[in-house]
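What follows is a set of structures to go through.
What follows is chain A paired twice: with chain B in the first complex and chain C in the second.
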Partner chain A sequence: MNTALKVLTTFTLWFSVGYVIADQLPNVGQKDKKFSVEKLQVNVGDTVTFTNDDPFFHNVFSLSPAATFDLGSYPQGESRDITFEEAGEVQVECAIHPSMQMTIEVTE
Partner chain B sequence: MQLIINVNLRRLALALVILMPCAAELKEATLQILRNGENAGSYILQAGDPSLAEWKLPPLNIADQTSADHTQSDALIKLGRALFFDPKLSSDNSRSCASCHRPKLGWSDGRPTAVGLNGQPLDRATPSLYNSAYGTIFTWDGRASSLEEQALGPVYDPSEMGSSADELLTKLRSDEYYRKAFAEVFTEQLITDQFITDQFITEDSISRALASFERTLLVQNTRFDQWVAGDHNALTLSEIRGFGVFLDSERGSCATCHAPPNFTDDGFHNIGLASFSDPDPDLGRYNIRPVKLMRGAFKTPSLRNITLTAPYFHDGSAETLEDVVEHYQQGGVSKGNLSPEMKDIDLNTQDVDDLIAFLRAISITRDDESINMASEQ
Partner chain C sequence: MILNRVGTHRLARFLTLTVLCLLFVNVNANDTDVDHGARVYLERCALCHGSKGLGEGPMALLVHDYPNTSLKTTDDPSQSIRDIVKFGTTLSSSNELSPPWRHELEASEIAAVTAFVEALRNDFSRAQQILASVDIPPERIDGRKIYRARCESCHGATGAGDGRMSRIIKNPAPSDLTLSSLPLEEIIAIISSGGKAMGRSERMPPWGQELVYAELISVANYLTTLRIAEAE
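Take a look at the complex of A and B:
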């Protein structure tokens, strides 16, 4: 019983650690008119990939001083990348669907 | 023996009567539309089918919707209605919100674009206010993110109502009805001391009242809604086929933007109106979000009660629903910055007729009870 519990705990821990690591990979999904994460922390020099999982076009842009970019519009299955060169808070939005918003915290 | 046969015959007749409507249902059930996206399944176009559930308007939790901490009381709505119909809100007392958002014209004005204080046409059409309680972003270019935030925009706009905060507050604070009503709504007490009552008449409380009234302008029970809820008799076969055209990404492909449940994605698209080729075109959403994609993009309007609000589009360029469908058939006119969702659709005459029949079925009729109730003062 006790061993079973230990095994279970170990597995749970192992899985959740795996999950957290996977979660920190700078890959953001776009599904059901939402970004898959609301907040993301990356380091200067990191590249974040945005992947469209919806059956219609999405966009990604930011007008924040730390990173100003517009990745255009792209359909389901396609992705776009952006590399962050400066530290700061970056507000990311989809121009087509303004309720799609997220923040990327870029640290040194 | 004889008797039993008789009974059986009667049963048979009964069974036939029951089966007849089933035959109609069977025809209905053969209409299946593949949904966009991998493994998304399909819509089964049959009254009450679970695959249509996303088209049901959810009940509104109005307390959640107000950005304000004050919940939507009947008194607040009544006050909002009084303000909405009151010409005092314009500088020369000549017009109210309802001069442009006219109850019997679907809370729009029946004109290509609104008419300014000086009688000159303004740049954009007056949108309907139906179901704005379900909206998340307001005006054609989305410059307001709540009804409260939008409410005083037209009051202060020099070409719409031409007033100012000072003028508005002075007028309302010297009006006995408003002094009483605001104090009652916000304190639930009868207060007569003017110094105190003045404190309740603010830009904030005026906006809240107007927004609360606007949230009552709902259309939730069209024949389409009845059909989605399970009433097999609510739509004709042509209207059901038209819904199929509307949904089908190979035909109308309308639902990509006019998405469930309120026929809008609260998003922005350039659908290629001819006016975008004008020398100095209205750039729409681009003025608010200067991203290339947004040049000439405007908010997707909801479509419930669309028959009440002709002419159509932000520039009023389509006189009828037939014109609207013709525009989409052409895949837009001005293709400079056209949305990639504007497909080259190719509908046959039957599809066009069905689609238009469907658009009419998501509207209540002009003499419907609820319109008259809402317009009563």
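Take a look at the complex of A and C:
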């Protein structure tokens, strides 16, 4: 009963807020020139992995005040990690494909 | 004999004109390439290399310890510019931040941007004139990134005039852009000409020397989105 309630609560949050709530190391795919999720919620100190599933190079960067980074350009099958140190909204983009964008909400 | 001489002169004149025409067409083709390359450059490369090619792109300005992205110098003269554009990080001599553009740009675009970067290195003044005349829609440039790199230190993340430089810039303090009601043309003029020329704070730099016109418009457009009155 308790487990069923937890599952129900988790699904309710997913669908009502529209965010994926990370309960383990989140892995965001890059496929068909899109990030696999549009929004992701993580905690300060969490590490997010970005994996290129396309047969061409991708990049991951952010110029948001809460996290400013460039993880470089990498081919299919390779991944890059970033650990979030500050709370705030982080706009994540690909420098090669400007239409690729997602948001990571970093909370305390 | 006379006819032969006349024929020879005509032939020589014809050949001279042909060579001149070919040279003219070639020069124009190169100019077209460089113009086209400048547009591709602004859309694809200015994020890191900057709109002047001096390494002053928002990425290079904001990301801590970013490598020098100025195009006026060559890290590895043995690599052709075309190969660096085309293959990027897959070349052993390139760093992993440099994307390989061969899957993203047409061959003609790679040739054009190569011609532009060569022009930038060989005749910097001419390349700057070409950049200034590029007709690129402002919506193709992200004014928010330019604001973050160039304006936020004074005007703050939300435009409230509370950037970290506001601790030392007083009388007047950086403008609170959220309260602005200036028309777009006046905002562009202030950003471009700087505060002093517009009878405002001398601390406001003339960004027209650093940014191309489409960037000025796109950052001005972004400023209007920071207005509280319009958001409410």
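Methods note: the second predicted complex is superposed on the first by the 83 of 108 C-alpha atoms of A that agree within 3 Å, B and C clash if a C-alpha of one lies under 4 Å from a C-alpha of the other, contacts with A are read in each partner's own complex, and residues count from 1 in each chain.
Just so we're on the same page, a residue touches a chain if its C-beta (ideal position, glycine included) is under 8 Å from a C-beta of that chain, and two chains touch if they have at least 3 such contacts.
None of the values given here were measured: they were computed from a predicted structure.
After alignment on the shared chain A, the placement of chain B and chain C results in a clash.
In the overlay built on the shared chain, the residue A:76 is in contact with chain B alone; chain C does not reach it. Residue contacts after overlaying the shared chain place A:68 against chain C, while chain B stays out of touching range.
With both structures placed on the common chain, the touch criterion links A:95 to chain B and to chain C. When the two complexes are overlaid on their common chain A, residue A:59 makes contact with chain B and with chain C alike. Only one of the stretches 24-32, 96-104 or 294-302 in chain B has C-alpha atoms clashing with chain C after the fit on chain A, and that stretch is 294-302. Touching of chain A by both chain B and chain C, each in its own complex, is seen for residues 56-57, 59, 61, 63, 70, 72-73, 75, 95-97. For chain C in complex with chain A, the residues that touch the partner chain are 47-48, 58-59, 62-64, 66, 88-90, 95-101, 103-104, 145, 148-149, 152, 157. On the side of chain A, the complex with chain C involves touching residues 56-57, 59, 61, 63, 65, 68-70, 72-75, 95-97. Touching chain A in their complex are the following residues of chain B: 35-38, 40, 136-137, 142, 249, 256, 265-269, 285, 289-294, 297, 339-341.
For chain A in complex with chain B, the touching residues are 33, 54-57, 59, 61, 63, 70, 72-73, 75-76, 93, 95-99.
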